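The first chain written gets the first letter, and so on, giving A, B and C; residue counts start at 1 in each chain.
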Amino acid sequence: MTNASEVLSSIQSAFPGAVLDSRVESDRRLWATIDSNKILDVCKHLSSKLNFDHYSGSAGVDWIARKEMEVVAIMASHGAHQVVAMLKVKTPRENPSVKSLTGLYWNANWYEREIWEMLGINFEGHPELYPLLLSDGLMGAWPWRKDFKGYPDLTTGERAVAITTTEGYTEYHFPPTPAEIEAGTVVTQRPKYPSFREREEREIKSDSEMIMHLGPQHAMVPGPFLLDILVEGERVKKAFLDIGYIHKGIEKIMENRTWLQGITYTDRMCYVASLSNNECYCGAVEKILGLEVPLRAQYIRVILEELSRIQSHLIGTGEFLTLIAGVGFAPWQYMIMDREKIISLIESVTGARLTHTFVRFGGVRNDLPEGFAEQCRKDLPYMKSRIEEFIELFAQDPIYHARMENIGSISAETAKRMGCAGRVLRAAGVAYDMRREDPILVYPELDFDIVTGTRGDSADRIDVTLREILQSIRIIEQCLDKIPSGPIKTDVKIPKKIPAGEAYYRVEDPRGEMGMYVISDGGDKPYRVKVRGPFYATFQTLTPLLEGVYIADAVAIAGSMDGCPSESDR
Amino acid sequence: MLKRKMIKNFTWPLKTATQEIEVTRLYPEVMMELPAAERGIHELNATICIGCGSCARVCPNSCIEMVHFKFGNPLKNKKMQFPQIDYGRCMFCGLCVDECPVECLKMGQRVTMAGWERKDIIKGPDFLATKRFSSKEVADLEAEAKRIAAEKKRIADAKKAAEKEGAAKEGAAKKPAKEGAAANGAAKKKAAAAEAKPKEGGAA
Amino acid sequence: MDGIIEIITQFAAQEPAIFALIIGIIGAAVLSAVVNVGAMLVIWADRKVMSDFCNRFGPNRVGGRWGILQLGADAIKLFTKEDVIPSGVDKGVYVWAPILASAGTMLVAAAIPFGALHIGGKDYPLVVANMDISAFYVEAALSIMSIAVFMAGYSSNNKYSILGAFRGVARMIAYEVPMGVCVISVAVMAHSLNLVEIVQSQTVWNAFAQPLGFIIFIIALVTDLGRVPFDQSEAEEEIICGYSTEYSGIRWGLLYFQEYNNFLLGSILMALLFLGGWNGPIIPIPLLDIISPMIWLLMKVIIVIWFIILVRASLFRLRIDQVTDLGWKWMLPLSLVNLGWAVIIGSYFA
């Protein structure tokens, strides 16, 4: 088993002088500042020699006091070892530019595009640097920079050019400053996101083809995102994905709220997975503080997160059923009915049905109410029988198999390369689960299986989801047996100002690997919160999957991924 | 292949059709049973609120504003400031409840708050308060507060006078500082005794 | 009273053509009223029965606990809505599509027997136009809806609509042939294409005499009605609302209504062709014995409608290529097999 210090020494011996600064936090976390000229070589070395085949995301940080910017690439492995390497590359704040990792990792594309549009860091060698989340008009405002003060703000105020559109709305554009043009880091003619007409002109080759919108408002989408498909008859020839319709700037908002208030915003990234989001944020802060969570609180967290996983899976699968069967299909309503039981269980503890704001630094908000265990023991076996019925229903339905088998298949290799998360990855046969890879809370003491599929198609994804619910039920039953009595909050007084430090914390969200990178500069507010959402990772892989399928299959594939644009846009 | 018979597709809805409707409710007539932990509309115990404003400070949406309210406890809440909540903004996170130092704010099981205008769902302490003093009790408490204030003022005046006296004595007769210090000490003791009194009064 | 009848008989003797026209108009009004009220009840039943399968309440406010007047409220809403014709549509075709759909339904209704009255030991069928080829005619007229669907989709100038229209037509072509062959098989056994005679000839229900034909016909009927699992032409999760995406208000209401009209008429056709129509024991109670054939037909129609609603609640939607595959590769050959079977059985018993 490789551990962090071995990885560090391997890099140091292969590239002497490349590591400018390093910190081995634990066996599983390596923080290293890499010379910006050698980052590509180091990454190549990591991926080829040390099994770092999982590019898990990257974060951009603006260190305005040090007059530099940082790009933190988060590297991990799909099960070969459990080291997460946080590789930082520094670049001056004046004309920020770093090397792009898109050549090595396919899925670095979106992460780097996001950093480019938010911070203005140029990525050398990136194939398509055009806006991902922001609109064209906001380009050049660089909202993640610490001197950004709003829209249009005080610092970029003189650069903002107000344009009144034909409809009578006022829009602002931010042309690059002369200094930026001179430095050459910011492209004068920024490649814009192609408009619909441009796309039609460019892509349509014959009269029998047309581009059809699926979204942003469409019965298929779980939240607003635009999926344009180029169809010839009923066949999809190419798909284009455009996200950012509900970009809320949650990461930026959290920089302006106190540490405690931040919890409420993590809820709203994805309301069906709000407990995992709470856990991820609070866990990261606890890591900075070095807090020990009382055992009972840990069990309560695990129970509720698993309950939340069950309800998220149920509504995800239910929505998927409406996509391939119509809203009249009765079993999807049975899923909603069953979910109601789980939601009531969660509500009896947290007091809210969706946005729980339940996890606190070093504990939880409420203790389990009286009779909770009994209610669980009554409801969970019922859930189990219902889920088995669903599995049986899908197994014996020939129409379902005709519709779903071998639709949108991903092989294990492709899934790893594209950096999918959660059910998409596991359905392809890769047993990659944060509860095993990066165990938190009391998960190491619990006995459960990681469910994997074989074919990686849509039917497998649903099957994996349903069987994961069974595993969650198993975990909760064990927790109910083992849960000790004791305090639910740590005795340590949580300071208003969290000491300076940084942490990366990963949890298993219902949709897969969720990570939060939290930096504190010793103030009462986070210096930077970077969310690595699971669906953001999976979302990228949607377009290649849609080539060559039927329109109806495109809907089924998108549905089987259990999307949540709210979380991917943040 | 033999297992795939499509029978279950038909039998399951048929089975469900014979069952009682369990989840859907005829809403206004049949309300949902809410758990004790439910985070609904706030309940304010105006008799113990100290008007510190912690809730207003911690609120992520700044929907809490401290406003004047007549039926609170003037002994503990001298400015008579109580929270008013804008439910158009409130997201029911419950941080205000956690933050309250005297546990006077709770979230109850009331959830209906529809109004015709936006200002209708800005609910003042009058709507939120589940426990409050009657106007007579408030008047009594106010009188008590005035009495205490007057006493305090008297003591403070006495203290001031003593200090002045001491200073004058010091200045005029150049007596040793010991006495002055002793006088000061006595005044402090008196003040402490006076402070202890209103506490008892408040509890009563 | 006697005077009025006298005037009418005199008028009938003087102007037979005009009298026939007036009687025809009155008949058409009564017919459309009966069919449309029936369709409204079918819509209500669709919602209510679906809600049963899904463990919900369904309509439960307008018109008492059972929400029986919900449809009236919906119809009033649709009638009073603004009539929006989008710019860019092919206006003539767009406007005429719903009207053609209703006309097609009425054509079906004219030839379908709605039952029979049992008076003096004899059945008097209730049918407006008792044609010799009514079985074939009805089956053909049922698919006028598909033409209306194509008109609506084509004229809407909308990508979803045109896809819905294409899907609708592809499906209609694939399933109209096996459906027609099934009707022929029934006719072969009855030695007639007249629906009344087909009913009267069914001593054994055709459903038992030719079970294969029964199954093929019900699948083809569900396809013709465009209901799940064959609702590709308006699959809302894929192509929003298919052919009716651009319709709103009363025009949409008409299109929607015709689907249910067809649902009702198709179910009646099903009962007539395969379930013995109004055949059944006569209830030996005065007055009830007159309408007892009607009661039997009504029960059979209700069972067919209920079953088609159950199918909607329990099956996944097929993909359009799978639908046409099923139609051409399985339904058509099997229906021909059924035709052979019908010929053998028919000639053996004849």
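Convention: a contact is a pair of C-beta atoms (placed from the backbone, for glycine too) under 8 Å apart; a residue touches a chain by one contact, two chains touch by 3 or more.
Here the structure is a predicted model, which means the values were calculated and not measured.
S.K.: Please tell me whether B-C or A-C has the greater number of C-beta pairs in contact.
M.R.: Pair with more contacting C-beta pairs, B-C versus A-C: A-C.
S.K.: Farthest chain from chain B, comparing Cα centres?
M.R.: Using the mean of the C-alpha atoms as each chain's centre, the farthest one from chain B is C.
S.K.: In angstrom, rounded to a whole number, how far apart do the mean CA points of chain A and chain B lie?
M.R.: The answer is 39 Å.
S.K.: Can you work out the whole-Å distance between the CA centroids of chain B and chain C?
M.R.: One centre to the other, that is 67 Å.
S.K.: Nearest whole angstrom, what separates the Cα centre of chain A from the Cα centre of chain C?
M.R.: For chain A versus chain C, the centre distance works out to 51 Å.
S.K.: Which residues of chain B are in contact with two or more other chains?
M.R.: Answer for chain B, listing residues that touch two or more other chains: 6, 9, 12-13, 16, 22-23.
S.K.: Would you please write down the residue numbers of chain C that are in contact with two or more other chains?
M.R.: Within chain C, the residues that touch at least two other chains are 53-56, 313-315.
S.K.: In chain A, what residues contact two or more other chains?
M.R.: 330, 334, 337, 397, 399 - these are the residues of chain A that touch more than one other chain.
S.K.: Considering the complex alone, what residue numbers of chain A touch chain B?
M.R.: 257-258, 260-261, 263-265, 267, 330-331, 334, 336-337, 340, 344, 347-352, 355, 357, 360, 365-366, 369, 389, 392-393, 395-399, 401
S.K.: Over in the complex, which chain C residues touch chain A? Could you list them?
M.R.: 50, 53-56, 159-160, 163, 166, 228-229, 231-232, 235-240, 312-322
S.K.: Once bound in the complex, which stretches of chain C touch chain B?
M.R.: Within the complex, chain C touches chain B at residues 52-57, 60, 310, 313-315.
S.K.: Provide the residue numbers of chain A that touch chain C in the complex, in ascending order.
M.R.: Listed in rising order, the residues are 210, 212-213, 218-220, 233-234, 322-330, 333-334, 337, 397, 399-400, 402-403, 550-553, 555.
S.K.: Looking at the complex, which residues from chain B come into contact with chain C?
M.R.: 6, 9-10, 12-14, 16-17, 19, 21-24, 26
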